[in-house]
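Here's the structure we're looking at; comments come further down.
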Amino acid sequence: MTTLPLLTLLTLIPLAGGVAALLAPRQSKLSRLIAFVASLLALSCAVLIWAAFDTGKAGYQFGEHVDWVPSLGVYYHLGIDGLGLLMVMLSALIVPFAMLASWKIEQNSKLYFALILFLEAGLFGTFTALNFFHWFIYWELGLIPAFFLIKMWGGPKRTRAANQFFIYTLAGSVAMLLAFLAIYAATGLFDFTQLAGLAEKGSLDTALFAKLGGAFFTSKETLATVIFLGVFLGFAVKAPLMPFHTWLPSAYAEAPTGTSMLLTGAMSKMGVYGFLRILLPLFPTQMRAMQTPLLCLAVVTIVFSAAAALAQRDLKRMVAYSSINHVGYCLLGIFAAVQLTSDSVAWTTEKAAALNGVMLQMFNHGLTASALFYCVGLIEQRSGGRRGLDDFGGLRKVAPVFCGLMGITLFASLGLPGLNGFVSEFLIFKGSLPLVGWAAAVSTLGLLITAIFLLTILQRVFSGPLQNRWAGWKDLTTGERLTLAPVIALMFVIGIFPQILISVSNPTALAILKHF
Amino acid sequence: MLPLVPEEIVIISAFAVLLADFALVRRKSLPIRTAVVGLFSCLGCLIAMIWMARYQSYGNSTMLALNPLTQFLKMVLLTLTMIVMVLSFGARFSRHVGEYFALLLLAAAGLMLLISSENLLVIFIALEMLSIPLYILSAFNKSSPASAEAGLKYFLFGSITAAFTLFGISLLYGLTGDLQLSSIAAKLRTQPIEPVFYVALVMTLVGFAFKVAAAPFHFWAPDVYQGAPTPVACFIASASKVGSFFVLARILLTGFGPWQGSAVWEGLRAGWMPLLAVLAVLSIVAGNIAALVQTSVKRLLAYSAIAHAGYALLAFFGNSQQMLPALFFYVITYSLTVLGAFAVVAVVENSGSPDKISEWAGLSRRAPLLSACMFVFMLSLAGIPPLSGFFGKFYLFTAAAGGMPHLGMLWLVVVAVGASAISLYYYLQVLKQIYTAEPPSGSKIFHAPAAALLPILFLAAIVIAFGCAPGWLLGKLSIVLNSSSF
Amino acid sequence: MLAWTIYISFLGAAALVLLPAENRRAARFTALLTALAGLVVGLTGAVQYERQTPSGDVVDLVHASWIPDLGIHYHLAADGVSITLVLLTGIAAVAGVLFSWNIQQRTKEFFALYFALIGGVYGVFLSFDLFLLFVFYEIAIIPKYFLIASWGSTRREYGAMKLALYSFVGSAMVLVGLIAAYVVSGAHTFDLLELAKHSFPAPFQHWAFLLVFVGFAVLAGLWPFHTWAPTGHVAAPTAASMLLAGVVMKLGAYGALRVAMTLFPDGLRYWQNEIALLAVIGIVYGGTVALVQRDIKFVIGYSSVSHMGFVLLGLMTLTQIGLIGAVLQMFSHGIVAGLLFAVVGRMIYDRTHTRDLGELQPMNLNALAPFAMVTFVIAGAASMGLPGFSGFIAELQVLAGAWSVFPRLTILAGAGILVGIAFMLRVWIKAFFAENDTPKQAVHLEPTTLPERAGAFLLLGTTVLIGLCPGLLLNLISPTLHSALFQPLLKGGLP
């Protein structure tokens, strides 16, 4: 089994599925089925990889390394470690979930499902690629289907939202591209592992300065910082980190439900993944040097987004801002872990805790946020398009199951112990409080505000008097229950047995820490 | 008189043709008269050509200098004349058919004599023998005031320049006591050069510069080309040019060889080279610039002729190997091309369109074959490969560039190349009208008469052939040049 | 074998002239057949060359004496660079025919002129005798004029004349340079390889190089001699724009490389910095002006000037990687520009009869013309130089080469890339993705036809293929640029 190029296969399945879905005859439901089957195939492939993954070994597994354009340092280099595995699994889970959520889309449905599959391929590719050339191709491959998904099936203000999304993300990507071109010009390398090796020895900065420095820069620190900022920008827009987040609320709000689930569930994790996989190994010194401003940004992200969520009247926008908030915790954890400390075991444990928390939070938030969007989508469907906070009330009476399941999701997002959100947030704070006390302390405000608005949702939507117009509200159908059930189950399972994930993430966290 | 038999044949044909017209076909209709008389004249030319091919008599005497080169050129001249005559079959501008063909034959005879001689006086006589029929022929179209004006202008201009030439010749005679070009050259070598010599040089050249239509002696050309009956313009533009250039070459190279001076950039020395350089530059510039604004096809061709005369003068700056082949290749192919172009103009005119470029609109739809030929002729004149005009220009420029050490004449080549590039504009104007403009509504397809179309097709084919495989003509030229002393 | 590309094209043109005028179908299929035949021959020749000549040296195809008096030979030969461009021509020719399928007016004349042009272009790329190269170069000028003047759109007669005159003047400059080289060398030959061995005196090279290079570079769109390009492209009918931007501009760059740079390496070094500066100005200028245009075709026309600036910059680096990048960019831009013009001209203009961004904005094209939109988006991404498309590798190589020689100019060029992204985004948003508050107008656009799709797939496929597997072309180009012919150029330059 290890001789099969599983990772390539993983990426090819959704690509092939997308093409097949496009070729299906227009009017039938066939394209939907093909797409769904493809996504399930991808899921099984991911499970296979998970099963074959050896949690004892640190480093990349299932590696593939083929010469592509050696004269330019371009190699087809794939590999997966704990982080990648978690992300792959997350994507593989969210995509079928999103497809089921979009099952009723009629207009141009085969294109819709094909685009989702291409997006999935882009996700898989990003999470497994280790050479900038094809990593970037996949990164962009994720961008374009998302643009079309928002533009063609979104809400009333979709054009502006889609354009904004596209331009912002593209700008970030271009900054990243230019930075990597500069790195290539200096080192002749495109390979992440090789570049990380250089950075570990401290020679990346020197190389950059040696080849590029003379023209404009006097100190190698400045040059390295400029290039760091370029790469940083790309990921900061994607994650997003405030103040590069302004594209997100509109994009998430205007996108159709399934797309929002994908956006928040998987695509936002691309940004955080980039921080961990690329930014941290390549630029540890710069991250350390800029730790304080970065922490400030993370804290601002956490607190302000929570506050903004509180101020919203549109349910979807609340969840959107809440997404920013939850990703903020991931960034807090990462920035905390770069703190300069002694090499003692205690500190390492804290840092490892933070990083583990980050990786878990990526996974958990992916699940809970997409579930939340799904639920909001259900509300929107049944109410004929309304999703205002104040439009509803007393839905618990007419849709108790729905209330229960959405309630669980809300609590998971909140971080209630026993559900998955708690573990990740706990680990992050456990790690960051000793490391960057002030930042962690202020961030707890975010936890508080989140709790407030999530409970507000619960109260306003489900409790209170039932409006007459919702008297005929239908509870969840069997299909919808079956769709939600696995996700809810996972929330419980991970909440009670987090070891499943931590066993995968911990070796990676330790490996990351070891290298800087 | 044996060596002059071809000329005699032609002269006799002239009178025979007059007689034939008077005696045989007087009562017949114009087309029949034209056809019969024309055929007779062609026959005369043909007999002359056959005689030349069979009995080659070479040799130098006091009056004549005959060698393979002159023989070859006479063949070319007679061919051109015959084509003009065939083109005249469709002409309806005059009832004096016999006189017309007789005058053409006399002019042709004059041309043949012109190139047969090395004696200045014989050259002058031949020049007049060529010019006077041409003056008359230019005014032949009695129903057109432009024709009369053309004839008059040609006559006045020609006579004055002839007077200058005669005066120059007499100065030379005074300086050297001889009229034979080679003797003049020998005598001048031994004597010190007096300033009068340069006056003589300039004056002698005036007449020939007039004949080849080089600026600033070109003012007759546009009016004559436009006003004269089109077949006559054909003849003036083609055959007359070939002969005139040959004589110019002969006079300059044989007569004034050592006094070429130098027109090298930053190395001017008095002689005929700087003179020619001035003539060349003026012709090229004046011809091209004036052509840019023309609305009449014939005037456009006239100004283009002036410019081409300028290009041809570049040959004189080449080294001894390339100078003459380049000159003759260019002049011969140019004559063929311009003959074809004028022929097309004649056909279009005869079908009723006045001579304005805008009247040619949509010709490609009305007469596709004719338009295709005009396409070839115009582009050859512009110097587009793979047509003969391109190679001719290329050879000229290469010869001129390499003539003097250290690329001394490159400045002249640059002027010529630049002007030639701009000339594409006005040739494209004609072609644009033919191919892209819409024909005026109600115009029908017209068929050119076979008598006109066949020679035109033949000429177009030659232009293409000489362009793609210039080796044939070049080979022939080098053979005749090598076996002649020049 | 490769020489047949030339002959097939001219034979095709002749065949088309002889067809009856009313039978458009016959004309179209003859044209398609001719183009495909040329492409197949090109591909076969390329494969053959790669197998038989791994060293990348020049391979003779035909070598016969033509005009011995002047030392002119009918010498056709090929090396990796020639073959790459022959392939480009083949692909562009087929695509052009497919996108001209709907021409109703005087169809056979259109295609006849088209193939006369293509034949001339093939000839230039395969000629190794300077006279012959010049002949083919000039042969290509006249068909261009008539294609634009008869079948073009905006100000076509003016655009056509401007193009013809600029090309002709440029070639006049080249002519003077060639004749001078012939005379000065004293070698009595016009053969490129022979003359390349001759070492011309330095002062001569200084001006001769400039003359010949600029003469060719006019056609390549070197700033500030580029002004024919936007006007000409806009005036031309779709297929002609595709060929103009795609292939004809490459004639200029190829001539600059093959003739000016090979014959006069010292002259090149003398003018290296100035020309590199002009190239970069072209990159930035082209992009900036494209940013403010209202007519999409002008945007693409100016973007062509910008992209060709990369080619010229790559040529000036005198490093192997820069030169390889320049040749690859010639190929890549040829395909991408062709695609962009095809979408704008054929898919949009022929249907909406406008190319003005202001007028297209309310039309909601992304719903009405989805195929055009997708094609244009992908083509635009390729034009921006995103990885996955051929332009990325090419621009990367050019920048890598340029960085070692002109660091400051490289940064400017990088800025040019950003401008390129900006203007493409602007066109995307305005033409396809504008916010429409007004309800969709009841406009019905013809669906995309089969030839259009075929052409689009051909071009898209090529750029993606080369983007993902650049080795296919790099294996042709790279050995040639390491071969003996290019050594004098590179020695003395930085690696």
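Each chain carries a letter (A, B and C) given by its place in the written order, and its residues are counted from 1.
Here is the rule we use: contacts are C-beta pairs under 8 Å (C-beta built on N, C-alpha and C of every residue); 3 or more make two chains touch, one makes a residue touch a chain.
As the structure is a prediction and not an experimental result, all values here were calculated from the model.
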{"item": "Pair of chains joined by more contacts [C-beta pairs], B-C or A-C", "value": "B-C"}
{"item": "Identity of the most central chain, Cα criterion", "value": "C"}
{"item": "Inter-chain centre distance, chain A versus chain B - centres from mean C-alpha coordinates, in Å", "value": "85"}
{"item": "Euclidean distance of C-alpha centroids - chain B vs chain C, Å", "value": "43"}
{"item": "Multi-chain contact sites of chain A, meaning residues that touch two or more partners", "value": "none"}
{"item": "Chain B contact footprint on chain C (complex, rising order)", "value": "66-70, 131, 134-136, 138-139, 141-142, 145-146, 149-150, 157, 161, 164-165, 168-169, 171-173, 175-176, 179-180, 182-184"}
{"item": "Chain C-touching residues of chain A, taken from the complex the two chains share", "value": "68-69, 71-72, 133-134, 136-137, 140-141, 144, 151-152, 159-160, 162-163, 167, 170, 174, 177-178, 181, 184-185, 211-212, 214-216"}
{"item": "List of chain C residues in touch with chain A within their complex", "value": "321, 366, 377, 381, 386-388, 393, 396-397, 399-400, 403, 407-408, 411, 414, 417-418, 421, 425, 429, 433-436, 470-471, 474, 478"}
{"item": "Residues of chain B defined as touching chain C within the complex", "value": "322, 325, 379, 384-386, 390-391, 394-395, 397-398, 401-402, 407, 410, 413-414, 417-418, 420-422, 424-425, 428, 431-432, 435-436, 469-471, 474, 478"}
